[in-house]
Every structure is written in structure tokens, then in C-alpha cells.
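Take a look at the structures below.
Same chain, two partners: chain A is paired with chain B first, then with chain C.
Let's turn to the complex of A and B:
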């Protein structure tokens, strides 16, 4: 560190001033580090600690160390398996549909969007709504007796459906609501990616007589790869945490067909008062998310 | 000068903090809806009368349990009183979250609550049920009633349904005539609490119960349970498509809109049915206690009760408030605010019973006195969830009713450790 005239004069001060001068950089970093410790590190360590204990709702009973016991329960808990399966199905189907629709819309509207900028604003509305408002809106749409969807079905002479109450339709109904809300997110990212594509390779390809499909497959998709990777990664991470839509629309039913991991963790922690097991499940989800993200980023060569 | 000013400010702030902490504030956790609104209004009256400060924290139904359980587990003392749904009492009491009220009654010079309270309303406030010490006081006298459109039932050849067979007969005829737009029966089929709440009265009406009298054995998968499930499935077949996701609101809406002829529901829906701004069925819905199966019908009791949190720092003040809020005078005011009473004198008060909005009081009092509490177990939320999943599967048709009973038996045995 350069010793300026001013700092040299401080050095000449009392021991407190000298100590402050020596440790100034740490003192300036301390608030950030403390906040980080309090908000991220401490809860994570506490969750690890909780996950290896059986915690009674009775505050007079001590926490019982169970080691890997809570993690072993994951293997034999049928409700956890159901929730895991539903979460995987939801994530794969919803994110795939959102990606295909988002990319398709972006390709379709790329040329016109500058002239129709209001369209971009309209398409962004679902994404800007709070998830709870989206869930309540779709609950009203799906309502079997008075909902607008069944009213349309009735007017068209089609059989009315229990959209959120039918075992075969409930997950589909949740996916549709999620796709409605999050397709615009993919659309916007893809649109930004398309706007940044270089023009020259396309001109060269056109000169070589490459078809539109060939250009899309060999140029657009590879160029968009980093954007696609980020979009998919963010959506997958978000889909694994799905809660609001399921909580409002179906409560995990009917017949457990829409019970997802976040809902089950919430039930175990707060309704069954078993926070140790809930912490173990949360760590499992965290582990899966980290593994998936790392694998994905490596696959898409983002790691470098 | 500045130093002196700062010192004076610090002393003043400390004095204020000390006096604030010594102030006998009471904080009450209440649910959203008429029950919580009623107690919140009472708390405001009390605060004005006593010149004290009573805080009410209002949360949705499920969050009241979560916040109360969290406050109890962490001994935070953030709430002095919790307005609890009665099935939560064993969880709160047996995990040390609630104060035993015995010494407080002694301090007030009484043995316990007076005999004007309905006996069933008092029984649930003792833990163990009807035998242990009082851990709360009843405030809202909920018990399920059977609601039906008497004119429609008459058209279907049933004057006043006395049994579930009567209900099914009328409901079947009305659904067949309804062309997919009108139904004879509607129920809460949503997974978990909703489907369990609407199944239990039928379960009890056929002589079934979740445990034996000694609470040493799980008794779900029995011939009585099978008879009850058979009736429940028959009623499902005459209910609207989509009941698999219905809760009390959807059932109430179907009845108020005149698209369903009968249902089980809570008494606070009487106000909805009689409100022209919310109902097409004003004056047309009749009430009765729960119909009989092979045994007399029995409602599920769903009282809201006030208990003092063990970690409260204002226990005596909390008890004084609870005693005041449950006097006959205050329960009558609560009734006028839309909450069913828990005292005989209020149920039979001519000033109330002559009014149209309270015409269901005789039936409700009968329903409470014939009611049954949900199985009293500290793990009831987990039991209800497991039972609710199997019933939901049966209602959705993914498993047979027999499988639902067998699976429920196994799940409840595993949760409780009983055989």
C-alpha cells in the first residue's frame, strides 16, 4: 500500500488510529461479509444442522441427533416419491413447452417487433403479475360450474371438464397456467438473442443457397446456444420450486396428482411440525439443483 | 450541551421502553373470516373499556396454526392468546404450548366455566377430551349442519330428509333431471382437510370411527367404514363434476347460486344464503342436523376456542380478557356479529331467535349437542392429510373405496404407532 502524506500523518496518531489504518480494508468489507453470513451462510449451516436432527414441536424436548436418518426416510417415503415424480414431470413438460413456444414466437415476431412494440409490452404482462394473482385468475377460469372455460365448452356443445379436479387434467391445467405466465420470459430472452446475431454469416449462407431451415439449424441455434442455456437454466431452477399455482389451484390433489416437492416440504415443516425432515428434503432439492446446473452449464460450455 | 441532550434523550427512551414492556398489552392471533373479525371487534371494545392496548394479528386459516405452532415451539411469547380450531387443541396442549387454566379459575374464585356453556362446547376445551384440565375457552360455536332446498326435495318425493338414504334418493332424482347444470348434492372433495371434513359425519352416521374407545387401535377398515364409504361414493356420483377440488366456498357458492340442492356445511353460510347480494336462494334453504345412517347422525364439531400461550408474558391479563369475551353478554354481541354462540342462554334468547338471520339456532344447538370431535390426537394434521389423500383418490376413482379404507388404516397405524 502506498503511504500518502495523509496516511503517514495518521500513522503518527494514537494506537487506535494506527490500528484503524492497518485494518481499514477489512472494516469496510465487514458489513457486507456480516450480512452475507447472516442471510446465506447461517441459514444454510442451520439447515444442515436441522437435517441431522429430529426436532420435536415441544420446546422442552431436546433435539435428537439422527445422523443420516432423515435422508434415509427419503428412500422409504412414498409421498416424497410422488412429489418428486410430479415435480420432474411438471418441470420437463412445462419448460419444454415454454421454450418451444417462446422460441417460436420470437422467430415469428423478430422482424415485426420493432414496428409492433406494444405487442412486446402485452406479451410481458403475465410475467409481471405476482404468481398468487395468476393462480387466482386461473382458479376462476377453471372453476367447473361458473368458470369461463366451461362456459365456452358448454356453448360449443362440448362436455364440461373439472380442469383442476380431474386426475387426468389437473397437472395439465397447472402446466398451462405456468406456460401462460413464463413463455414471455423465454420469448424476451430469445428476442434479445436474435437481435444480437451477426448478419454476415446469414448473407454468406444465402449466397451459398442454404434454405431457411438450414440457416436456422446451422446458424441461429448455435449462435443462440448461450442464451438458450441461460433461459432453460433459470426456468428449470424456478420450475423445481413451483408452489403458488399448486397451493391455490389444487392443494396437491386430486389423488396426489399435483403434489410437488415445495408443497410437500411446506406441509412437513409447518403442518406436520417436522422441520428436521423438511430440512433434509430441502437439501435434497438444493443438491439436485446444483448438480443439474453444473451439468447443464458444462454441457452448454458455459463453464469456460 | 449536545452531550447532555443526548444523555437526557437516552434516559427518556429507556424509561419509555421500560414502561412499554410493563404495560399489560395482549396480542391475539386470530383467523381471517367472521370468527377472527368478531374477536378483533371484541378486542377493540375491551381495549376501549379498559384503556389498555389489545393487538390482534389476523392470518388465513392454515397460517394461524403455523404461526401458533411456531410461537409455541420457539417460546417466543409473541402471542398471548391464540384463537384455535378445536382439532388443533391436542397438538398445542400436548406439546406444551398452552397454559393449564385451572389455577386461573381458582384465582377468579370459580371451579371452571359456568354451566350456561353447552356441554359439548366445554368438552373440547379439556385435554384429554372431556376429562383433562381446561386449556381453552369456547368462543365460536361451529358444528356442521345439513342444508337443503326443501322445495326441490319435495319435488323429488322427500319431505324432510332424515337419513342418508333419503338424501341419496332425492339427490339422484334431481341430478338426473338437472341435465348436467343442476345437482342433488355437492360436497367438499378437495384433498386433505376438505374431503375428510365432509366424510367424517357420514363415517360416524354408519357407526364407524377412526379409533376404538380406548384409543389403542385404528378402526378405519371395518364393515361400518365400508358402509359409510359406499354411501359417500353414491353421493359423489350425483354431485357436480369437479367436486374433487371443492372446498367450503365452492360448496357454499353452488348452494347460493341454486345449482345444487343439498350439502353439509358450516353455519356461517346461513348468512351467505340469506344475503340477496350473494344468493339467489334467500329464504329457500332449510337446515337440519346431520342425517342418520345406520346410527343417529353426528356433525363434526368445529369450534373456535381461545387458549393462552405458555410463553405469554401477560397470562393473567389474557385470562381476564378471555373471561370477559366469553360472558353471555359478549357472546350475544359476537352472535350479532355473525358468529354462532356457545351458550344456551344466547341460543335461546328470544331477541335473537325471532330474527330471520338466527332461525337456524335451534337446529345448530341440536347439531352441536349431537356432534363428535375430530379424533383427538396430537398428530391429527398428519393423520388428516394421510386419510385425505386416500379419500381423494377414492373420490377421483383412481382406487376403489375398499383400497382407500385399507390404505388409510395402514397409514394411520404408521403415523400413530397403533395397530
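Let's turn to the complex of A and C:
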């Protein structure tokens, strides 16, 4: 091949090619940026507009401007407070359980199953499954009359329960199904984190006679911190948007015990046909998400 | 992890034993629900309602598969799910790969690279419940409710940022020298991307595409709001539609639910090497 320097390659082709080549960095980025702008800016602006109006279910009636009225309702609406509390309880309990189980399992198995990738993939199956399929599976298991869980309770000599239909057990039932589906996620990320730990500090610690408990607190946990931060935040963001499991398992009941924010917003927007108020609640959720994800992104920068 | 030399051998033995026990329990707990939905999909109604439950179907039948996929439109739902997933994946991976490459390789004025990267990530974080109201009103206005195109547009909103970050992460792992060599040899910048970087990133491309397929296939809330007709509804909506206030068609939804899981399990095995990166949006390299 003839000698062709960088300058030569730029000079090749017609003016169109040269222009394309010069602006390539913008041209390659443009479609994604434009699509995402259209798909996020429009909804956000529209939400603000909708949130300050009362929107009648009748499309022929004009929207009535109510200013901050919908936001004021957030403070006085007891249903919203119930939904908010349920979401917070679900998020804290489910993510904590998933974290403890996932980390514990990863620590225990790290030394023994490193090479069994098939086994790992089998354990990963729950989190890949469609949430709706997971929901109907657990609905079948929880079924009070012929469900398999009550059969197990019976065999163990324990009282049978209504599970998802019981006022006190409904949230617990949702949490168990979520823990079943998402513990593998924490487990997988923790295993990846553990596999990338440096060896030398542990050798030094072992020489100094540090107990394995000390090694865990002083070495393993600090090294895992970036991975833990990412795993927890992704889980928290996901838990905040919980919808499918509740929709199928309990529909928010009994007695609103499992009514979470996503479900309440959905009900207000469609069943009660009050999109203006639903928009105000969505903006609240968006605000919480932005605060959390900003924090998350700061952690990501640390991890890079 | 480094070797933790414990004082006694017994303790090491106990630890190993508890690890095996933990694997066994975890495997049983993981697989039983999946087995249970599959087992029930092959039972006659009377056996589904049996007390005590039939642990293994005694009279296996394909009746519910016939009900769901022949008599009721679940095949149609599955096809809709598939078409929407393919459409979303093609759009997201095509544009996401280009954007991911640009963000991994090019420099921009005023820290745009960083700003745009994080802005794209933040769009991925947006909960779907936040966008359903404007999307519903938008598609209603343009008469696009109950169309697969509307679903593809809605799903692209969260698959495109995902694909961008995944591909950015893969391109950052590739050595830039090969592309530089191609340019020195007379290739254009675009040519270096197409002829050198893309072929090297093929495993990453495949993994990203499969993740997009899974995410779209599993999606429920947006489809619930946007589609109301058989011609446009996806599999999860079809399944949820057979769980009514008055009765639940257990056999039918078990059959459809199990069939919804089968492709996902196959996909999971195909991307097993990329799972960690895919699930952490490229942040953790497993």
C-alpha cells in the first residue's frame, strides 16, 4: 500500500464525505441524544403542565388551571401517605434482605464455586424471568385453598394462612416473591466484586494473624464498597418502581396494605380518571429518583 | 479470595459443608417455583385444585397449551411481544452502539462527554410510572394507542440509554491502537469504526442485543397503559388479563407463563458471561 498519512485520508472523497468525517463525533451521538430528548423532555414538560391542571375524564371539557392545588393534595391525601409508607417499607425490607442473603451466599460460595459457571447461571434464572410470570407463579404458591405453601405449613404442623390475602401477611408475601427474584442480582454482583479482590493484603493480614472476621471488616467490605453502592442503588431504584408483583398478587389490598406508589398513581390516573393529580405524584417520584440517582452517579464516578 | 488459614481443620470442613448445603438450599428454592408453574401447566384443572397438591402431574396433558395458544390469542400476544422486542432492540442497539462508541472514543468541548454520558444514564433511571401519563396522552393525540409502534417508541426510551452505556463500556475495553493503525493505513475514522471496532465488539453487541430483547419481552406497565386490543397487546398483558377479580384461569396462565419464561432462560445462558456487566449498566465488569 502507498504511504497514506492521516492528512491524506482526510482529503479523500467528495466534500460530503469530508464534512461527515470532520463532524463524525457529533453525527454518531446525534440520533441517540435527539431520540432521548424527545422521549424525556417532552414527557417532563408535559407532566409539569398536567400537574397544575384539573383534567376532566371528559375530553371535550377544557383543563382547569389549579396552580399548586394538586401538590397541596399530596400533603392532605391519606391514601398517598399510605402508598408512600408502603413503598418505603417494601424498599427497605426487601433490599436489606436481598443484600444480606446475596452477600452472605456470595461470601460462603466464593471459595468453592468459582469454576461452576453453569450452577451460577441456574441460580441467576429468577431475575431474568418476566415479572408477570414470577407473579402468577407465586400467586399459585400462595393460593390459600390448594396452594403448595399451605400444604407445606400443614405438613410442618403450622397453621395455614391466606398469605397475599391476609392483612398482616400481604406485604410479607410480596417481599418474599421479590427477594426470590432479586437476591441473585446482589449475589452475582458480590461474586464479581469478590473475584476482583487483590490477594496481597489478605496474605499480609494472615501473616499478622488477623481473624477472618477482622479481614472481612477491614479488607473485604472496604474493597467491595463501590460494587455494593452500585448494587444497592440499582435495587433501590427498582424497588421504588415496584408494580407488576403487586398488580397480580394483591391489587394493592387487602385494606391498602400493599398499595405502593406506582400502583396508586396508576389507579388515580386511570381508574379514578384524575391525570392531573397523578402527574403531581409522578413528579414527586421523579424528584426522589433524581436525588437518588445523582448520588448514585457520584458513586459511579468513584468506581471508574 | 485470599486463603484464610484458619486454626483448625474442623472449621474449614464445617465451612465447606455449610457452603454445599447453602448451594443445595438455594438451588431448590430457585428451581421449585419454576418447576411448579411448569408442572401445573401440564395438569388437568381438577389436578391443579387437588388437596394435597400433586407434586408430579399424574395425567400430563397439553390441554391448557391448546386453550391458551390455539383457542385463545396467546400466540398472537407472543408474536406481538416478539415483534416489539425485535423493533426496540434494532433501534436501541444501532443508535446505542454509535453513541456508545462516540462517548468512548471522541473528545468534546466543555466536558460534554461526561455531561452527556450521565444525562443518558439518568434517562434510564426514570421510573416508567413517571412517563405513562404523558406517553398515554401523546399516543392518544397522534392516534397511536393500541399500536406496536407506540410500544417500540416507549420501550426505546429505556433500552437506548441501556445500549449506549453497555456499548460504551465494551468499546472502552478495546485497545484504541488497532483503530489508529487502520487510520494510518488510509481508512477513514468511520471506516475504522465499521471495519475494526465493530467486529471486535461483536460479543458485546450480541450481549447488549439479548439484554434489550429480555427487557422488552418482560415489560408490563407501559404495555398495560398503551395497549387495549388483542392486535397490539403483549404476552404479559395477555397473562394478567386472565387473572380477574372473579376467577383465575390457572391452567391457561401457567401454560402461557411458562412459555414466556422458556426463551428467557435460553437467553440467560447465552449471555451468562455478560450478566454482571449487563445488570450493572456496564459499571461492574464481571
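For the reader, a short list of remarks on this structure follows.
Keep in mind that, in the parts below, the second predicted complex is superposed on the first by the 258 of 304 C-alpha atoms of A that agree within 3 Å, B and C clash if a C-alpha of one lies under 4 Å from a C-alpha of the other, contacts with A are read in each partner's own complex, and residues count from 1 in each chain.
In this section, a contact is a pair of C-beta atoms (placed from the backbone, for glycine too) under 8 Å apart; a residue touches a chain by one contact, two chains touch by 3 or more.
Note that this is a predicted model, so its numbers are computed, not measured.
With both structures placed on the common chain, the touch criterion links A:160 to chain B but leaves chain C unconnected.
Applying the stated contact rule after C-alpha superposition, one finds that A:25 touches chain C and leaves chain B untouched.
Of the two partner chains, neither chain B nor chain C is touched by A:92.
Once chain A of one complex is fitted onto chain A of the other, the partner contacts of A:272 are limited to chain B, with no touch recorded for chain C. Judged by the number of chain A residues each one touches, C leads among chain B and chain C. Using the contact criterion defined above for the overlaid structures, shared-chain residue A:46 touches chain C, although it does not reach chain B.
When the shared chain is aligned, chain C comes close enough to touch A:122, but chain B does not.
Contact with neither chain B nor chain C is seen for A:68 once the two complexes are overlaid on the shared chain.
In the superposition on chain A, A:189 makes contact with chain C only, while chain B stays out of contact range. Of the two partner chains placed by the overlay, neither chain B nor chain C lies in contact with A:100. Overlaid on A, the two complexes show chain B and chain C touching the same residues of chain A, namely 145-146, 270. Looking at the complex, you find that chain A touches chain B at residues 56-60, 79, 143-146, 160-167, 170, 249-257, 267, 270-273. Against chain A, the residues of chain B that register as touching in their complex are 62, 65-66, 69-70, 72-75, 91, 94-97, 180, 189-192, 240-246, 250, 253-254, 257, 259, 379, 381-382, 385, 389, 392-393, 395-399.
By the touch criterion given at the top, residues 1-6, 15-16, 18-20, 22-23, 26-27, 29-31, 33-34, 36-37, 40, 48-53, 95-96, 98-99, 101-103, 106-108, 116, 118-123, 125-138, 153, 156-157, 160-161, 164, 183-190, 193, 214, 217-218, 220-221, 224-225, 235-236, 239-240, 243, 248, 250, 253-254, 257-258, 260-261, 264-265, 267-269, 272-273, 275-276, 279-281, 283-286 of chain C touch chain A in their complex.
Note for the complex: chain A touches chain C at residues 1, 4-6, 8-9, 12-13, 17, 20-21, 24-25, 28-29, 31-33, 35-36, 39-40, 42-44, 46-47, 50, 105, 108-113, 117, 119-134, 136-141, 145-148, 151, 154, 180, 184-185, 188-189, 191-195, 197, 199-203, 205-206, 212, 215, 220, 227, 230-231, 234, 237, 240-241, 243-244, 247-248, 261-262, 265-266, 269-270, 275, 278-279, 282-283, 285-286, 289-290, 293-294, 296-297, 300, 303.
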